[in-house]
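Next come two complexes built around chain A: one with chain B, the other with chain C.
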Partner chain A sequence: MSEERFDVIVVGAGPAGLAAAYTMAQAGLEVIVIERGDYPGAKNVMGGVVYRRPTEDVFPDFWQGKSSPVERNIVKQSLWLMNKDAAFSIGYGSAQFKAEEGYNAFTVLRAKFDQWMAAQVEEAGAIIINETTVTDLIMEHGKVVGVRTSRDDGDLYADLVIVAQGVNNLLVQQVGLGVDLKASQAAVAVKEIIALPTGVIEDRFNLEKGEGATIELVGESTMGLTGTAFIYTNKDSLSIGAGALVSQVQQKGVNPNDILENLKEHPMVKPLIAGGETKEYMAHLIPEGGYHAMPKVYADGVMVVGDAAQMVNGMHREGSNLAITSGKLAGLTAIEAKERGDYSSKTLSRYQQRLEESFVLKDLKKYRNLSHFIDDNTHLFTEYPEMVLAASHELMTVDGTPKGDKFKAMFDMVKSKRSLWQITTDLYKGWRAVK
Partner chain B sequence: MHVVVCIKQVPDTTEVRIDPKTNTLVRAGVPSIMNPYDIHAVEEAVRIKEQVGGKVTVITMGPPAAVQVLKEAVSLGADETVLVTDRVFAASDTFATSYVLASTIQKIAGSEPVDLIFAGKQAIDGDTAQTGPGIAQRMNLPLLTYVEKVRSIDVENKKIVVERRLEGSKQIVESTLPALLTVEKEINDVRYATLPNLIKAATHNPKAWDHTVIEADRTKVGLKGSPTRVGRSFVQQLTNEPGEIIEGTPQEAVVSLVDKLFAEGHLVADR
Partner chain C sequence: MKVEDKLFLVRFKPDTQSHLSVIDADVCLKCENKDCVKFCPAEVYEWDEEHKTLLIAYEGCLECGTCRIGCPYLNIKWEYPRGGFGVQFKFG
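The block that comes next holds the complex of A and B.
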């Protein structure tokens, strides 16, 4: 056991844990972060988009200056509906995203981004210990009082433990705050980083120097499984990945790697990545259970933040911003607890309150039924993309057919796939799920 | 027992590439690590401390970034560390480096006598195996190189018995203390750092000494103090051309081999 004693132990050096540590260290709390990877970011995976405002809220001006960990400022975002041969694309780009005051989101590479955050945390006075796994939370009289690690003499005590261990939240389950994820509450995602010259990326995505684009792909991009795929532009690489619900991957017996390979071979995707060299390959679980799958986020001596608390908004591909914001709110609560000298659940319940007042729980509540709706209606990922694409193909093909006949053919095609009543029901249910 | 360990920060040579134009190492973006042999030297020093008591001081000469390897030494159990860092040391060869390190150890010994000095058998960047012996020579200490086992230490009578690796055999040597040992990796298995030591390392600040602290003569360090000159560096291309198999009976094969050797000028007829 270490003789050192800390105010707070943070388990996990991802965005949530580091945001919490930074907030607390800046207020003068004695903070130690324990990370199992070789360094912060070594094991961390996400698509690769961070949002300016929630991140700036914790790490001011993180996107500025030479040492900034961001890759590209995102100026346009598109959504592709795909079948085997084609893609129907809608997108939004704006000059407002190009001006500094309008910067909204950036692409990042986690190895670099997380190490940058970790450096800020250390500068603020917290200690980060790498290559060390927290195996248990130490409980005394029903209260969390410390952690047990994989190291010799590995017990460490503190007034408070913040669990930021990510989607595989074994510690949360261990203290009875939550239960294990169901296969329908997590997606398995695979991702590659493909190196390409900066200029080639800007040409292919029609970008000006330093600007970035994102594409979300639905339909054939996940071989019809419930999920999405993405392509993001980094400085001199592309992040391309695909994720689908674990339950469906199991059911259909699909190898997640094949989903990505299939996507890379798609005729609309292939030219974007042509000539690139795959530099990294990674796979990870994404919590998709949303609000209903969340554990209790506090108890005596402990708070849970980020993915460990299932804080992901799958609909809007948002995770890092919920993680960073929840980390900050937990950090603020810890500062209050330290002032009061009381780390009981009574004080820590302020964390729950803060989450409810913020976009984190407001958004998660708003979309709480959406994952059920999507899970129960897998045709959304197969029939609708097909419909849109078939209709587009009909409309785009100039072959001497009068337009009136074309519209009728499109309408008949839509009805043959799904009746008007079914479509109306889908729309209504979809609206209900997010209203 | 006060043990001093000399370590070096080296580029991780498993990740080093050679610039095809200049034939020099491309060091940009290559991570720095503690020289692998030195890790075993630190471990052995810590084991001796655990066995007979005392203290382990780890020193390195290098740029400010070399504090990382000193922190790592603390995580392995070292007590104190010194970074000898000064612009005037830049471009020192093994001759000048051994002077700097010997001066550093003498400075340390001035306040706390040193009983034993460890170094790795060589560094994986230069592979010279000269700095350790250079320190011993300058301090006029017994030198035990390629040590793969410390058999015993007699603190009272100031004696050490070690096994040295020789080609195909080993040598068992007894020496008086203080002495300088350079070690092989086989000397021990490096243990995982304990959590208290990791925490200690994270908050550890090595002492930083410049040439005035160790009272080093400026003319004996850096490029000026280094007799080594690099004339030219080149990349030895290893070709792996397939050999030729000569068919036939042994007699026929020998005849055709000899003919070929004459034809290619490897053999010359003496007539």
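The block that comes next holds the complex of A and C.
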């Protein structure tokens, strides 16, 4: 392997790395992608939503045609607030999402989706090497010049290395661009793929053929821990998962699988998955630290993209779009660097600039104080869902009590859980955290 | 469904060497709660009371990284398995 030299080495064949590789290969750069799994996607896990526009921006028409890697077009999205017995649901569905020009987001399964992207990357002229782990970045005179791999004689040199190795960004830490996540800066999520017939999924979620739905679940869905759960529809399976901050599962001594099993037994969830067969179980870390937890994303001879740079917008459960867009922006910067013949941090700082100009850093900056706010206010995930549910139960139970008495009871209930002053403070602090 | 039953559904290609290890065994001895035994989503860790040692079933590791950042003493060395080894998801 050591004989050959490339313009760029990309470490990791996920959405960020593959978007970067595709962008560069199309411009004629000599690119090699190194993937540690048997195939791209073999190690890759997410909830399962990709967004049309940012993905299309790199891979046009990815959602069209027979070979398309998408599962279902999402036409409605819901949020459930839950306690042990009940769920309060709000949602949004639209005919506009059903019409082709309005397609907005799709569910995917990563093993299939990542292999599809990898095929496009290879077609564009890049080389993908599987079953190879990058163990070190090779430095010379303070500059990244290549990678050391798990293969014998496995050193590989290039003008530029793009680190797209995901949330466990050991290489980023190794060269001092960032430090490891704290337990309060990441959620551990587990997920199951539960097989169900296509028609059954469409009946249960009230969907037309090929359409999909997403549900995010807060409150008892994570046993009151700070986190969220989700149910997404695939073609002939459901992705159901739950995650909570690592700091909390550690302090409370909870196994993430117990959170998921608790969710599956919930009376409002159980009928959705009834009769389904679990096909796979996986676990993954989700970066939740936001802007403040990000490493430096460039240095001499190196750029960092996607989860490896902790680019996740937890508030809006977005990650794949930040990954793909950051990969593209790093790719564009690499093309410029090649033209100039200069891969120094000065040239690569254009990547940072591009991120600043895009939604990626604008959004991450907007929510930069949110994870801290949520971390300090764990009652948001327990008391408020409970209040909404208790109030809903009171209001919807017809038992001869005059409505005036019901409203008074609801008001007293809310006050008993949290004073008006506390509620006002929560609202103000919450607003400050996202303004 | 128990974790061990779920792991039967997952495809693993175990290496002969572990990618997970304890940095300082004495730290585990003094660790009261053994949090890793509880929070690992693949139940990789088990405390052997008789031999006072942490057993690591790395062959069934889902490679999430939780133990690395979740060990209160940061006493777990977590590396990526060698290329081609470890978990290989069919769906992901």
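The definition used in the following text is that the second predicted complex is superposed on the first by the 434 of 435 C-alpha atoms of A that agree within 3 Å, B and C clash if a C-alpha of one lies under 4 Å from a C-alpha of the other, contacts with A are read in each partner's own complex, and residues count from 1 in each chain.
FYI, contacts are C-beta pairs under 8 Å (C-beta built on N, C-alpha and C of every residue); 3 or more make two chains touch, one makes a residue touch a chain.
A quick note: this is a predicted structure, and the numbers were derived from the prediction, not measured.
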First, second, both or neither for A:Glu101, with chain B first and chain C second: neither
Touching partner for A:Ile127 - first (chain B), second (chain C), both, neither: first
Which superposed partner A:Glu4 touches (first chain B, second chain C, both, neither): first
First, second, both or neither for A:Val249, with chain B first and chain C second: second
Touched partner set for A:Arg151, first chain B, second chain C, both or neither: both
Partner chain in contact with A:Asp399 - chain B first, chain C second, else both or neither: neither
When both partners are placed on the shared chain, which of chain B and chain C touches more of chain A: C
Shared contact residues on chain A - chain B and chain C: 132, 149, 151
Chain A - residues contacting chain B, complex: 1-4, 32, 127-129, 132, 149, 151-156
List of chain A residues in touch with chain C within their complex: 36-39, 41-45, 109-114, 130-133, 135, 149-151, 167-168, 170, 180-183, 185-186, 188, 190, 192-193, 237, 246-247, 249-250, 253-257, 261, 278-285
Residues on chain C engaged by chain A in the complex (per definition of touch): 1-3, 6-7, 9-10, 13, 33, 35, 38-43, 62-66, 68-70, 72, 78-84, 86-92
Chain B - residues contacting chain A, complex: 191-196, 198-199, 202-203
